[in-house]
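Letters are used for the chains, namely A, B, C, D, E and F, taken in the order the chains are written, and counting of residues starts over at 1 for each.
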Amino acid sequence: MARSDGRKPDEIRPLRLERGAVKYAEGSCLITLGDTHVLCAASVEDKVPPWLKGSGGGWITAEYSMLPRACLQRTARERERGAGGRTQEIQRLIGRSLRSVSDLEALGERTITIDCDVLRGDGGTRTAAITGGYVALIDAVNWMREKGFVSRSVISEAVAAISIGVVMGVELLDLKYDEDSSAAVDMNIVMTDSAKFVEVQGTAESAPFTEQRLARMLHMAQHGLEQIFEAQRECLNTPL
Amino acid sequence: MARSDGRKPDEIRPLRLERGAVKYAEGSCLITLGDTHVLCAASVEDKVPPWLKGSGGGWITAEYSMLPRACLQRTARERERGAGGRTQEIQRLIGRSLRSVSDLEALGERTITIDCDVLRGDGGTRTAAITGGYVALIDAVNWMREKGFVSRSVISEAVAAISIGVVMGVELLDLKYDEDSSAAVDMNIVMTDSAKFVEVQGTAESAPFTEQRLARMLHMAQHGLEQIFEAQRECLNTPL
Amino acid sequence: MARSDGRKPDEIRPLRLERGAVKYAEGSCLITLGDTHVLCAASVEDKVPPWLKGSGGGWITAEYSMLPRACLQRTARERERGAGGRTQEIQRLIGRSLRSVSDLEALGERTITIDCDVLRGDGGTRTAAITGGYVALIDAVNWMREKGFVSRSVISEAVAAISIGVVMGVELLDLKYDEDSSAAVDMNIVMTDSAKFVEVQGTAESAPFTEQRLARMLHMAQHGLEQIFEAQRECLNTPL
Amino acid sequence: MARSDGRKPDEIRPLRLERGAVKYAEGSCLITLGDTHVLCAASVEDKVPPWLKGSGGGWITAEYSMLPRACLQRTARERERGAGGRTQEIQRLIGRSLRSVSDLEALGERTITIDCDVLRGDGGTRTAAITGGYVALIDAVNWMREKGFVSRSVISEAVAAISIGVVMGVELLDLKYDEDSSAAVDMNIVMTDSAKFVEVQGTAESAPFTEQRLARMLHMAQHGLEQIFEAQRECLNTPL
Amino acid sequence: MARSDGRKPDEIRPLRLERGAVKYAEGSCLITLGDTHVLCAASVEDKVPPWLKGSGGGWITAEYSMLPRACLQRTARERERGAGGRTQEIQRLIGRSLRSVSDLEALGERTITIDCDVLRGDGGTRTAAITGGYVALIDAVNWMREKGFVSRSVISEAVAAISIGVVMGVELLDLKYDEDSSAAVDMNIVMTDSAKFVEVQGTAESAPFTEQRLARMLHMAQHGLEQIFEAQRECLNTPL
Amino acid sequence: MARSDGRKPDEIRPLRLERGAVKYAEGSCLITLGDTHVLCAASVEDKVPPWLKGSGGGWITAEYSMLPRACLQRTARERERGAGGRTQEIQRLIGRSLRSVSDLEALGERTITIDCDVLRGDGGTRTAAITGGYVALIDAVNWMREKGFVSRSVISEAVAAISIGVVMGVELLDLKYDEDSSAAVDMNIVMTDSAKFVEVQGTAESAPFTEQRLARMLHMAQHGLEQIFEAQRECLNTPL
């Protein structure tokens, strides 16, 4: 089966991470993965959720949204009744993933909010948001260090994410929108740089899958994530 | 490590499935799994969501809620702003799981809504809702067959779910609330009777996990699900 | 006119009060009155509404809801815009009725919330909620006494409620749903054990009624309530 | 006990009914009962609620609101979350009362909405709204007759309402706000011109009451309503 | 072109300002400008918006609403989702206009809310609300002075407003509803007694307009406002 | 008085219009005016608002939003209760401005929605949205022409907008955020290419202004708009 953009089954789309894309944010990154473009902005604020008041520790959370015309069809803004189910699921995933490599107590009573706004969407926006959100988070923590707000290490290792799916019986890495919408199985993997799982979310949209297929998909994800971790390292090693 | 109720690490709680627990529903099941009690009621209605109008096919969806005093502390009703993020995530999971074994076209333009109301909650309510919801669904489909609404087979095989977690470094099957709230890894597995995965949702709350641990958790889940499928079969083989 | 379940005009349905039906609640009662089943759970919390802060006194309030499939037809959950008009009217009535026999100052700055969830509904759910809520309230107050939270007497006497209506020109006691929906007059009476009125709510749905008819309905209500007070006493005299 | 405005216990406040007070409405009445002023406007619209579509019959409904500065203290507008519980209870009562004397089928598929806006409030606003709403309704029906929209009789007899209460142990007719807020028993009676009850709503705010007291209050209400029906007749006999 | 009520192009409608129209308010004014009737009530409250807490200064704000039957057609109440866009625009305009002539610091930490409720609406309700709101504000400030809440001068000069438009190519002053709804240009001018502009809001509904036309409209507005300032002065010079 | 970025009082910020910035939109433009960056995307949809159904004509509307981190401080998303008052005022202004130069009947029953999302905000976002929205609109209409959806001319002439204000007694053109927030007078002017006014919105935040000052501000606006119209022409003359 040929992919619509000519990639091999285990090939990711061209990836670019642009640090500092949001002028006023404490940390930021514009991630482009093919035609999926997500602007990630990290804001540091002197406040914590109610359950952390007085605890001395901080919080990392994420918000996710798409511009109305990010995709082929215009979608309505989520203005009337709060973030919908899909949006909430995504922003909870991004927040959990970034917290899993963070020492929240080291932040003091501060919140880092990672705003992930999809400027263009062609599949894989939630995984791109995690990958780019990590870069924004690192710079926000660096900003805090410069300000003297944190003294010890906050982030223990890198975190990134990728999607895998089964389309017409074949496992594919990093699904574009057209592939994603026809996938029989849809999986998102969040991992750390040391090859540990943070999240494993696999859904059989139509065809329940075997343990063997699960194993193949996990290995394909690891293969793609190695390249993504490399891109994160390179980006962060380049001076802002 | 001893479990608070004396179970072995790979032992599930006492399970009971009571068909027909909701007098007026087309299908229903009260599932009790230790102190987790979920009342599942399947309602058949002559309507479909907008995107299915005129398609000839039907829909299966789920709603999930907890009575305010299902747990140790009273929780507020979700009356003001619609179902919250956690609730929506759960009811989307239940719906997807039941649809994965269903032939929606065979339903005609009808919707089966599975209401899953937690009367008592002690961990694992979402997986119990899937297991009990399957029984309610079967009886609703049987009711439709008696009415002549469906002619061909609707449900291809059984579906059920279980949780697994890592507590104090040990993998445990079917977590109670006290275990769940201190778990480093939290996983929910939805499978079919033929040992295929419908959903794999694993989250590292604090400690990312290795591939080996993932494999052990998946096998523990399969072990527990075999007993649950047996209980479903037995329940459905007993006349109402 | 024969009643659909064979009762005499002034006969109530079989009544059962099951104390302690909600494991984690401070007080609880499952009331079944024919096919009307209401689960009443009393929760004691260390908080009061804003207008009582600093007053030293407490509050008793009620919430009322029906499971979506409590009745013949599925009804939508009240999740989107808060409790509707009918629901608010009912929960205000339950709260007022229970407060009318309570010494709120004796509670200290605490709130007792009586959750009344209708598991099955066949008419008379609001009156059943008052009758069962009283039992749950008594046990919650007993729990408070054991904890040393209250020292003096809180509840002055028993309170219970019943419906009466006029169907096809005949006064009937304790209406079932089919009777209620065709009643020309619909009345709910809340009384105390000493035969005093707490609430008298009579509505002519289609036919305004005379003073003589009002008098007959009030006496019929008193007749039924005597049996209900007896059932409450018996239930509360049996050890939990 | 002397009343703050010098009235006798069974004396109503000065009553005035001003027809046609709302220039553009099909029927209207400004009722002033002491310092309680309610502007009632009846609007006829060519639409019915969903459940009446195709039935050939119509509907009468009411909306109730207070201007923010109708009372001694400013109250916030009910703009954010729809009408509150008290408001809904009141507007349902007004609507039911007016429908009880109306032949809805005679209206055709039209809705008459009675807007009751309290310009000044000093107790008894809901009963004044019923009394004044009746006058507005009559004129709206007359307007419909002139337009040829109705041919047969729509309103069978007059309807009006009054409050009674127990203050410091004494039954009082037509409570002012200061009396109402200190009443031990609070009662609203809606009756027809032929001395039949449409609604009987009695609430023991603090002291449950005996059957004898109930009887005395009902007779006091009837006494006051005779004067109110006389005022309605006089007003409607005067040409607009 | 003849105006429907026979006025000359630069003639305002009959204007009447009735002070003290809201019995319980600290200041109030019923303004009638032809068939546009707006009840303005000023309430003084001991609270300020969050951003002024501790500042020592106060706030003046406005709320605007129409009775459902103020106009030819019934309009729905804005009860469900807060004030709509048009309403918010209007109440922000009224508040800004009144604040522009006020010394907020002189108020102390108090808020004056000007409720502008349209009893009858025939065009120009927002400008009438500003003109009448000014009178209500003056009386509320006088009440504060009598109470000793303010010592120095609060209001520097009078403020009032008027509409102008272009209908069928002709500039018209003080548009009625029928003129307003067919106007090619719609303008509202808020000015002070010393002929300074507070707000200039001109909108070309269909035909963009030249600088010359703008100048003519501004002069027409000034001409009308001179009469309105005169009416305000006369009203405030008459003892309450 | 020196401006913080060294501009002369009547000098606009560097302006850039980038057509086609939104890949999937029918028309689009990224406008950058100094540090104010607004992404304008025009979407053509085959639907119209209810009041235009069956009319044969179309509609042009706008939505406006800011990314949470567009400015120095993070602002919360408007997700909970719909667009706020300021947002609605802005998007109504953008929509009206674009409609004032459009022949809506020529569109057929279609809606063009101009989404204006502020990526970076430093004052003047609403006027930039009008200027950039015009370019996006032109390209959307061109796309419609290519598709054969429109045959006759739709847009009669160019429209653009600019702000002017009074800061420390001096009139300034094209205010940056720091200037805008300390302005005594704040004005937005929308004009057409033929020097006609579409909107004139001047507000005295603290100091009412004279007619002479108004005249000077209007001329300053015209001076700036000439340069902006030139930039629009140049941009649209360059092939996409």
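Assorted remarks:
The rule is simple: a residue touches a chain if its C-beta (ideal position, glycine included) is under 8 Å from a C-beta of that chain, and two chains touch if they have at least 3 such contacts.
Every value quoted in this text rests on a predicted model; they were computed, and no experiment measured them.
Looking at chain A and chain E, the chains that touch each of them are F. Taking each chain's centre as the mean of its CA atoms, C is the chain most distant from chain F.
Between the Cα centres of chain D and chain F there is a gap of 52 Å.
Centres computed as Cα averages put chain C at a distance of 60 Å from chain F. Computed from the mean C-alpha positions, the centre of chain A lies at a distance of 33 Å from the centre of chain F.
Annotation for chain D: residues 80-83 touch two or more other chains. If each chain is drawn as a node and touching chains are joined, the picture is one closed loop, every chain linked to exactly two others. If you walk the ring beginning with chain B and heading to chain C next, you pass the chains as B, C, D, E, F, A.
Residues 81-85, 88-89, 92, 96, 100-101, 187, 191-192, 194-206, 208-211, 214, 218 of chain D touch chain C in their complex.
By the touch criterion stated above, chain F contacts chain A in their complex at residues 22-25, 28, 35, 39, 41, 43, 45, 63, 65, 67-72, 74, 77-83, 113, 115, 117, 119-120.
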